[in-house]
Each structure stands twice: as C-alpha cells, then as structure tokens.
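Order as written gives the chain letters A, B, C and D; numbering starts at 1 within each chain.
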Amino acid sequence: MSTQLTPEILSTLEKQSIEVPSWAYGNSGTRFKVFGTPGTPRDPFEKIADAAEVNRLTGLAPAVALHIPWDLVDDFSKLRAHAEDLGVQLGTVNSNTFQDDDYKFGALTHEDAAIRRKAIDHHLQCVDVMDETGSRDLKIWLAEGSNYPGQADMRGRQDRLQESLQEIYARLSDDQRLVLEYKFFEPAFYHTDVPDWGTSYAQVASLGEKAMVCLDTGHHAPGTNIEFIVMQLLRLGKLGSFDFNSRFYADDDLIVGAADPFQLFRILVEVVRGDGLNNPDVSFMLDQCHNVEEKIPGQIRSVLNVQEMTARALLLDRDALGAAQRSGDVLGANAIMMDAFYTDVRPALAEWRESRGLPADPMAAYAASGYQAKINADRVGGAQASWGA
Amino acid sequence: MSTQLTPEILSTLEKQSIEVPSWAYGNSGTRFKVFGTPGTPRDPFEKIADAAEVNRLTGLAPAVALHIPWDLVDDFSKLRAHAEDLGVQLGTVNSNTFQDDDYKFGALTHEDAAIRRKAIDHHLQCVDVMDETGSRDLKIWLAEGSNYPGQADMRGRQDRLQESLQEIYARLSDDQRLVLEYKFFEPAFYHTDVPDWGTSYAQVASLGEKAMVCLDTGHHAPGTNIEFIVMQLLRLGKLGSFDFNSRFYADDDLIVGAADPFQLFRILVEVVRGDGLNNPDVSFMLDQCHNVEEKIPGQIRSVLNVQEMTARALLLDRDALGAAQRSGDVLGANAIMMDAFYTDVRPALAEWRESRGLPADPMAAYAASGYQAKINADRVGGAQASWGA
Amino acid sequence: MSTQLTPEILSTLEKQSIEVPSWAYGNSGTRFKVFGTPGTPRDPFEKIADAAEVNRLTGLAPAVALHIPWDLVDDFSKLRAHAEDLGVQLGTVNSNTFQDDDYKFGALTHEDAAIRRKAIDHHLQCVDVMDETGSRDLKIWLAEGSNYPGQADMRGRQDRLQESLQEIYARLSDDQRLVLEYKFFEPAFYHTDVPDWGTSYAQVASLGEKAMVCLDTGHHAPGTNIEFIVMQLLRLGKLGSFDFNSRFYADDDLIVGAADPFQLFRILVEVVRGDGLNNPDVSFMLDQCHNVEEKIPGQIRSVLNVQEMTARALLLDRDALGAAQRSGDVLGANAIMMDAFYTDVRPALAEWRESRGLPADPMAAYAASGYQAKINADRVGGAQASWGA
Amino acid sequence: MSTQLTPEILSTLEKQSIEVPSWAYGNSGTRFKVFGTPGTPRDPFEKIADAAEVNRLTGLAPAVALHIPWDLVDDFSKLRAHAEDLGVQLGTVNSNTFQDDDYKFGALTHEDAAIRRKAIDHHLQCVDVMDETGSRDLKIWLAEGSNYPGQADMRGRQDRLQESLQEIYARLSDDQRLVLEYKFFEPAFYHTDVPDWGTSYAQVASLGEKAMVCLDTGHHAPGTNIEFIVMQLLRLGKLGSFDFNSRFYADDDLIVGAADPFQLFRILVEVVRGDGLNNPDVSFMLDQCHNVEEKIPGQIRSVLNVQEMTARALLLDRDALGAAQRSGDVLGANAIMMDAFYTDVRPALAEWRESRGLPADPMAAYAASGYQAKINADRVGGAQASWGA
C-alpha cells in the first residue's frame, strides 16, 4: 500500500462517518419541475434501504437523518429495527415548518400565538420521535421570513423565535441537542429569520450548552469565506453539525465537492485545525438534491468526496505550514496547502478500502450490484417520495 | 391638476401599456411549497377575466401574455373573443420546454435529434397559436443547461440552439417576431445555455431582424448594472421586450419596483433616453410570482409601479442633466437625477386618472369592487391553475 | 409649514447629529489613481475648518472623527480649541494598522509578539489622544487578513486578536468605548480577520459592556440584508456606531444614499424601530471617499441624505404597519412602507431649516458662500492631505 | 517517465507560451497601501531581466507585455535587443488612460473632443511603439465610467467609444490587432463603459477582423460561469487574449489558479474544446498583482499553475466524455472531468522539464539561484517601479 496515507491518517479516516438524509433518495427538483425516476422509494423503509446500500459499499454512512412529517411511521421501533437490520442507525431528526398552509407567514416566529403553539408542538413531537429512534439531534431549519419590506416585524419575530426555541429546548433530555441552521435566503426573498451564523449563534447561545449551530455549506452570500465560519464556530464551541452540499449560485444543493473542491478542502483543513474531525460534538451530514443525476450513486459519490478531501486535509504538513506562516513566507505556506490538495489520494484510498473488505471502487460496485435494477422492478405502484412528501 | 406632470408627459403616459402574464393569476411558489389561494383561476378564461380587471382599473394592461401549454384551449378564437369582450387582447406567446420529462437534459439544445425535433415542433405549434390569437411575439425562455461540470457539451449545445432557432425563425410571418430571453441561472445550476445578454444578442443577431432580446430584470448576476444593458440593447436595436419584476437575491420574481425602486427608475431613464418608451419594438411585460400576496392586487400594484416610475423618469430635466454632464459637475448631475426620483408623482397621477374616468386609487377601487369576493365564491371545484398547469 | 412633518418628528430631527470623518476632506481614490483637487486641506486644522463649514450650513454635523496618525498634531488641546471655535467637537478616534510596513502580515493578530506590541501601543496612544480630545469612542477597523489560503493561521489570529483587544479595552476609562468594525474583504483578498458582524459581536461580547460593534454600510457580501443586522445588533444591545456610505459593488465608499436610497430608508426604519435614533449608544458617522466629486458639497449632500431619509422613516405609520403585519396583509404593509418612502419631505425640510436660521438649500448656500474659492486661493503650497496622509 | 502524459500531450505542452506583464515585477497594492520590496526593478530593462528569469527557469514565458507610459524608453530598439539577449520578446502593448488628470471623467469616451483626441493620440503612439517593438497586439483596458447615476451619459459614451476605437483601429497595420478588455467594475463604481463581454464583443465586431476581445479572468460578476464565455468567444471567433489571475471577491489579481483551481481547469478544458490552445489568435497572458508575496517566484508559480492545469485539461478523455454526455450519464460525465482534474500531473511534469534541460522544480531553482540576493544588492537607489510608474 502507498505510504502516502500513514497509519495515523488511515486510523482517523476509519472513524469518519457521514450521516445521509432520507430525502436525498426521494425525488427533488426546482420550482419549475420535479423529475421522477425509476426505483424511487415510496416510504421511509425503502429510503433507509437505499441509505444502507450507500453504507454497505462505502463504510462511511452509518446513520440516516429523518425528516418529520415526511418520515413519520406508525411505529418507529419497527423503523429502527429495520435500519439496524441493514446496519445503519436513525440519526438527526429534522422538523418541517414550511409546508403547512398555516405557516405561510411564519411558524416559530408567527404573530399569532396559536400558530406558534402549533409549530412548537410539532417540534415537541419531533423530540418524542427522537426518544423512540434514539436520535441525539433535533435540527431546525427555519424557512421563515418575508418577501416584501414592511411585510414583517423582523425584530418582534426574533424575540418570538427565542421564546419558541426556549420551550423546545426545555423539552430536550440531557443527551439530546438542538441544532439551528441558518440560511441566506429562500424560500423567503426579502428577509429570513435566521439568515447568518451570527444570528444562529446569538439565538443558541441564549439557550444553553445543548444548543448548537448547523452550518449548511450552501447557505451563504456569494463570496463568503465559509472555512472562516467553520473556524470561528469551532473556536466558540458552537459548531454542532454540517450540512454538506455544493453550489455555484444560490442554495443549489449539488453534490458536495462538485462546484468548488478546493473550498471543501479548505473547510476540512479548518475542521482538522479546530479538532472538529471525529469529534462527537460535530456531526457530518449531507443535505443535497439529486435533481438530474441518479440518487444512490449521487450519495455514494458524495460520501467519497468527503472522505477523499478529508484524506487530503489530513495530508497537510501542519508543522511546515506553521513555520512558513510564522516566517511570512506567503508562497511557501500556500504551496504546502496546494501540495496536500493536489495529491491524488484516490489510488491509496481504493487500496485501503479493499484491505477492509470494501469495494475499491464503490461507484462501480454499485453499478455491478444489480441493486438499482431490483428496485426499479420492485418499486412499482404507490407514490414516489419526493421533496415534500 | 398639478402642473408637475406636463401635458406632454401625460400624453406620453397615456400611451403606455404593460402586458400582464396569464400565469401571474395562478398559484406559484418555491420548490418548498406552493400556497393555494381562494378565487384562483382554473382555466385560461378565468385568468383573462382577472387580467381584464387589472386593465379596467388602471387602463394600463390591455394585453395578456399566454403560456403554452398552460393556456392551451380547444378554440383560440373563443379565447380571443372572450378577451376582446373584456377589453383586452391576447399578447405574447410563451413556449415551455422545461416541464416535460423528455427535456430533462435539454430541448432546443438536446444531443438527441428526436427531442430537438419535438421541442422545435412545440415552437412551431406556438406560432400556430399566434396566428390564431393575433399575437406578434414568440417569447422563448430557455430553461436548459446542466448541473455539473462535464455533464454537457456547452459548445455543441450553442450550435444546436442556433440551428433550432433558425428553423423556428423561418416559420414566422412577416409581422411576427421571436424574442429570446436570457437568465443567469435556475433551473440549471452549473451552466445555462442562454445565461447573459451577450449570448442572447449573438444568437438573435444571427437569425435576422425579426429576432430580438428579452430582458428580464431578475435574470442577472449580483451587482449587474441593468440599465447599462438596456442602453446597449436599445443602441444595438435589439431590445425586443422587458419582463419586469424585482429581486433581492436570485430570480425572486417579486413585484416590479419592490426591491430597488431606484434601479427601476434608472432603467426607465435609459428607456426614455434610448427612445424605447411607447416604441412598438419594445414590449413592456410583467413576469412575476405572487407567492404570498394577493394576485390581482399584486398585478395592479405592479403596473402602477411602472407607471409611477415612468412618470418620474419623464420628469427628468434632460437638458440640465446634459449640461451638468458636459461640465463634469458630478454632484449637480446626480442631484438632477435624484430630484426626479424623489418627486412624489402619486397625487398628480391620481388626479389624472380620475380625469380620465379611472379610479384615483386602483388598489382601493379593487378592494371595494367585490370582484375578489365574487371569484372566491364562484371558483369552487376544479383544479387551480398554478405555475406548471 | 407643511403639516407633513409633525412637531414630534421635527423635534426628533432637531436632535440628530452625524459625525463627519476628517479624511473625507482630503484626497482619496482607487489603487489606480488619486486625483488631486484645489483647496484640499493640508493639515488637521484645515480639515476641521471644512467640516465646520458642513455643520454651519446644515446644523447636522457637530463632530469630526479623527484618524491617527493622519491627524496627529503636537498639541491636541489646540486642535480641540480650534474645533470648538468653529462650533464643532472632536469625535471618534480611528486607529490605523494598515499603512506601516510592519503590518504587512497583521497587527493586532500578528504572529510576532513584537509587532502585536507595537500595534497595541498604537491603540493605547489613540486612547491618550482621546483623553486629550475628549473623544468617547476608539474605533478599530482591522485591515488584517491574508491573500492566499494557507498564508495565515486564521484560528490563531482570532485568539491573538482577542488578547490584543483585551489589553486595549483595559486601558479605556469608564466613559470611553471601543467599537470594532467588520468588513467583508479588502485590503485582504482571501480572509479578513473581522469579516462579519458575528465575528465582531463575538469579539466584543468577550470584552465587556464598553465594547460595541461598528456597522459600515459598505462592508457586506452582495445581497446582505443590512437592516436585519441593524435590527439584530440593536436587539443584542451591541450596535455602537454606523459608518454610512453606499455601494454598488464592493466597498465603493460612495455618498450615503446614492446607490440604493430605499436600502438607507429600510436601515433607518429599523433604527427607529429599535430605539437607535438619538440614542447616545449609537453614533451616526459618515465614512466615504469623494474620489471624483467635490468634497465639502459631497459631505453636505451626505448629511442631508441621512436627514431626509430619517424624516421619511419617522413618517412611517407604525400603528397601521403593525396592524397590517398582524393581519397578514402583505400588500397593505408594504404599501405603508412605500408611502413613507415615496413622500417628498424635501420642501418641508427646507422650510424647517429656514425657520431655524439655516439655509433652505445648504448645497446652494455653499456654492454661494465663496468658501471654496477662498480655500482654493489660500491653500497653495504644502502637501494635500489624502487617504494615507 | 510516467506514461500518464502522452507524447502528444507533451508536444502540445511544449508549444505553450504565456506572456508575462512587466508591471508584475514592480510594486503593487491596494488603495490603502503599496508595500515596497527589496530588489524591485527601477526601469523597464530591469523588469525585462526579471521576466527573462521566469522564462529561463520554466521555458514558459517567452514574451513580456509592456505598459505605456510606464515602460516608455527613449529607444525601444535597445529594449528589444536587451530582451532578445535575455531570450525573451517584447509582447502586447497596453495603453493607459487612467492615470492622467485629464481622464478623470473619461478618455476615449470623454464629452470633450480635445480629451478624446489626446486619448486617441496616446493609442496611436502605442501603435508607434508596437512598430518598433514588433508587438502584434494593442490591448485596451478602458478604466472609464462613472460613480454616480446621472454623472455620465452612458449611451453617448458608447457611441464616442466606437468612434475613437475606429480611428485607432484604422492605424493598425495588417499584422497588428486591437484587443478590448472588459471589466465588471473598478475604478468606476456605478457604471463602466465596457463592463461585460457582450459590450466588448459588440464594440469589436463593429471594427473588423483585427479587433478581438480580451478576457481577464478576474473581471466578472460574482458567480459568472467564465468557461461559458470562453466557449462563446471562441465559437464567435473573437477571443483574442486571456489575462489570467484569480479572485475571491472582486478584481483581486491574485496568482492564477490560487482561488479556484477547478475553475481554471474548466476554463482550460473549454480552451482545448474550442481549439484555443496554441492557437496564434489567442494569447495567454498573466495580469496579476503580487502585493504581499515575492514577485518573481509569484510569476514562476503562476506560469507553472497554467501549465499544470493545461496538462490536466489535456488528460481529459474527450471521447469517453462525449459518450457519457450523449447518454445522459450525469455522474459518469462529471466523473470523467473530475478524474482529469484530480490526477496529479506534477511528478510527470517535473520529469519532463528535467528531460528538456529545465529545472524539475523551478521554484526551488529560483530560490537556489542567487538571483534575488543579487538584485536586492544591486538595485539600490532610484525609484522602484510600481503600479502607476
């Protein structure tokens, strides 16, 4: 085996796990069109089967994030057993306050106490689910905001958000957490109630130690230095989780690493720098939409991208880098970064995978597995799961 | 009546007309949710009735743009008569190559000749419709592109696009035109086949004099100086039409003038400067989504916004401005612009409307008209029209 | 007098004061060229004379921000007396860590303790100046960062920044404050040590109650909702000051209100909403560059823009707005905002100015005053002050 | 030698040449500070010596772009002989219309015919220089524009620009060309007279076949798909030259490939796709600022970055890619792209360099050469060349 990846690096990589979202296996699209695909899951059990296939071939994805109500089942112990039978666990529970007519003008921030009540209750129900699934994290992505200046009292909403979150936070058990996602814009186009890391940080800091920030790599203004935010949140002890994906323009939700691989590298360098790798406080998750590409291979490609880039980040010669930084050697320091980035870790990783009983090339192994043909044939009839169902 | 708006200005305003899109009266939304609303039209006839109401109250919207296949009817002569009975005309015909499964990887640009054939035929059918409706313009918004680097051969697609457009162009009668819209991104997230005015211009310039560019005010990169493009296209004789709307982030499709009124002012100043106002070569249209606000009042507000801002643009003292520009008086020139912008033309316009038998306040007149209550009551059962139907 | 501006509004406006920066009167430019202009001040005394002229004509600018070392004088009591003779005060003291060769790779964040020492000492000297000038605020704009990935250890710099700030903070007297400015980018192009409000907030929150955030309206990513940040910082009690200017692209430092007047309106609406107006905790300052326009009239125009927009913000019918917001009346709420924005307050303000013994039109009054001709004639010889001197 | 780089690829790489700009060897900076460095050239002869060093160590940079008036010398035949003695040629001549007080409000676009005359004459003088230096290309970067809406008549300026360019174009000999650069913004902040490729294209298309577009990779709006423009200009036969550099935010002028290496790869893939590589019609040039890093090594790093990325682009399996594209295999096509990008070509290139008598590691060879120490010692006294001198 190549000596490029040291035993220490490999041992670190071995511990890496990336949570995959159940909804990535359903159909998704843009406001203009959602394309259907053969073999798409029709229920949470089928979604988890697909996720388990990703894990089987990569060893990287041992947990599946759920979305409530999309993944509501009558008996979560059954779903949990199904997952465990397939070698995966139920992971983060995501709430949904953006698909109910009541939430047109807000949920946790709504002017109307009755609608806030409903939204809070939905989150309490999510914690109930977590109790059953054994999930640790409640992830809240707040789609709330307004489209027109004047439409909403941004200040009042911020205060109501804090109140609502406090009630949800109080419901958590000692080993559960709340992670609050921020997003620059969409679906609201004038203001978003949690638009940036600063707002998420200020909100969770007021809640307590079990509240953390979720950083979605696609949720920033153009040009934002995301690795800086990673650094800062790790420094402040408030980086709870990553939602990985990539983007060229807005929240494109493309495969992680597809749009700007060097940015992913820099993010992972800061994760390593700040002890965020294999740190139980920091969940690695995907949050993507496979609008035009195949979904299961799309997820396999994604977890491999994270693994490969983590390997490159681990290759970084931090001692040499520190020396170059201290001496003001701009080109030298940059060269050390680029050397790690440009190193082709793929052959060594393939070898290492094989040594662990995994396919050297998980993409090829999936293509050869017959799994897709089987689900295409089996999953006929019923409604395909999709973004929003 | 205020002497602020001179007879010359009022006479210019009197000729202004803004085409409204049939789809603005249906439901629309984001990829996350489409909210339904009472009274939403269920067919093209009802959409046109709503559009006619906008025209009745404002005198500004005498034509309705259609979208094929959303507005396909068995007998367009009936739809035309229905419109004319209500005092409006059928306007620009919009094609649709983004909602058919075949078009997942392109339409007019597709690698597969059979799918290109289908897409071209769709456009030829649109021209058939134009022959029946008496519409002059075929508007093509090309939603085509790719999500991942390598997915598509951008160069080959550009050549195929030109070929496809040539066949469509050849079908036009002497008094018909093709207008090609450009858009920065969405629904494709890596590359879009007509992403900028330069591409649209190069494509239509190769077609001939009846091919023009459509400028949608929401389809540019952040920071783009849109009035510069307006100026340039007017200078090149290739500005065929406007799709008006406004945006804070991406293609938000908010009410025109809502996000940056000063930008709308500057655009209209260049329209006046370049003789684009009341110029038959330059259509004024709306293209908006009323996701959270009421649709008919949203359209009334929109045409009024365009009218008010046109009035401000007409107030601009162009002689004084020219003198300040020639003398390098930066603050003086800017002050002349700002003076026109900051002038409150609303009272004078209200008075003038009344003098012409229109409501002084069309928004209030609509609220008082009972129209909304009537359609809420009448339009029960059936499927509401929406973005995509 | 128009009844549009109520006595209450006028009384509020009467208390408004906007601090002007001494450097706005010197030459400035881009990296490509700094144009010189006749009459440009050659020393701090002349800058203050110009600033006093702005105040004399507008009654709006009773304080002048200083920049150290640009405005270092042998005897600050003399400068103070000079200012007071002219009816203005010495205001915020700005430090400078971006024009010394030692600071090429950082100042308060530098790897080298000796250079940090020098930078801290510079700030302590600034506080000495504050003691002499009677200034309350030490404003720190940190131009530090890096141009290439790997060049700098962002995390270590963040920690060192906190340490450095703590030492500076400790030097403040009870009635002095430290305000920390953030900036998206420039002069560093890869990372900036205080790039966003969240970082500034986290840094000052660790210092204590006398440390606040400075919001420069030109220092954000494209598309950022700045009024949201204003709202949030007021809510968190940490908005210490504004640096007003405007921009189309980057940190263009144009005249406040020139690029997007509606944005300035929305910012001021949130200031009023959050009790930030005439609140001693929140300083209003300008920070602009008059690269191509005349400087003194540029400053007059700027303070008038702030005043006019404040008047519009005060016109907002907040009760009606609240009612519309509570009832989900999107168009109604937006219309109330737009009504205040579109109201032409200029004639009423002119009348009111005159009633207070100020010129109705300060721009015209300046042009007629002969001041410019006088300084053009007098200020011959010597080196013109400029950005950087 | 690795078989990765085939003889065909190596033969293509052998022909590659990248023109370096004389000004990259002088000092540069931001509006806030220009840092001086030891060894900086004091005249055009010393700049060319430095450029020749880059070529000596890389074999990639056989031509040096000049900037007039920065590089004016009494006798260009002497400069030409000096260059040829050092193994390089004098290349593209750049005009300068941004550093003269007369040009504050425009040059080729100015309202005043006398100033346009002066600016045109400057360009005619540049062609005189070209005659002496044997340069083929006159490159025009038009820094003209305005800072405030209303300040300038954009339409009139566009027409005057065309007139001015026609006169300059008429002066060219048969084997000379004019390349017109476009830039999104800076130094003007409201409008720029040639802000986008469409404007440059429309302007040069009106001139004739010897007029082409120059694409500077740092001169676009955020999010612009630059490789699309490369494709389009090659398709239209109007891509005259590249100004390579990289950016995170604005026109940062960082080392090419430093900010987004994958973007550089995609650009070079389109260059190869469109037969733009080693095509005499398409010049490859650098245009960068080494504000904080060493200049000569910065240039060496830059030409190596272009060479390495060109090698990756040449590795792309275009047949396999075409097949995947035609079959709608999104992930497969993308994987073929990524495979070429992630291949580590550096060892093979080092070997190949050595085989040609060049240093395997030109950066190390420069460090070991003693050249920097020599120029640091020799170049004492005199004024260092800088951006602007």
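Side notes on the structure shown:
One rule holds for everything that comes next: a residue touches a chain if its C-beta (ideal position, glycine included) is under 8 Å from a C-beta of that chain, and two chains touch if they have at least 3 such contacts.
In this text the structure is predicted, and so the values were computed from the model without any measurement.
Looking at the partners of chain C and chain D together, the chains they share are A, B. Looking at A-B alongside B-D, one finds more C-beta pairs in contact between the chains of B-D. Note: centroid distance chain B to chain D, computed from Cα atoms, is 40 Å. A separation of 38 Å divides the Cα centre of chain A from that of chain B. Annotation for chain B: residues touching 2 or more other chains are 104-105, 146-149, 151, 184-185, 190, 222-223, 225, 248-249, 258, 262, 292-293, 330-331, 334-335, 338. Shown here, the protein chains touch in all possible pairs.
Put simply, chain B touches chain A in their complex at residues 28-33, 35-36, 98-99, 101, 104-105, 143, 146-149, 151, 184-187, 189-190, 222, 247-250, 252, 254-255, 258-259, 291-293, 387-388. Against chain C, the residues of chain A that register as touching in their complex are 104-105, 111-112, 146-155, 158-159, 184-185, 190-192, 195-199, 201-202, 220-225, 227-229, 231-232, 234-236, 262, 266, 270, 273-274, 321-322, 324-326, 328, 330-331, 333-338.
Against chain C, the residues of chain B that register as touching in their complex are 222-223, 225, 248-249, 258, 260-263, 292-294, 297-298, 301, 330-331, 334-335, 338, 341-344, 346, 363.
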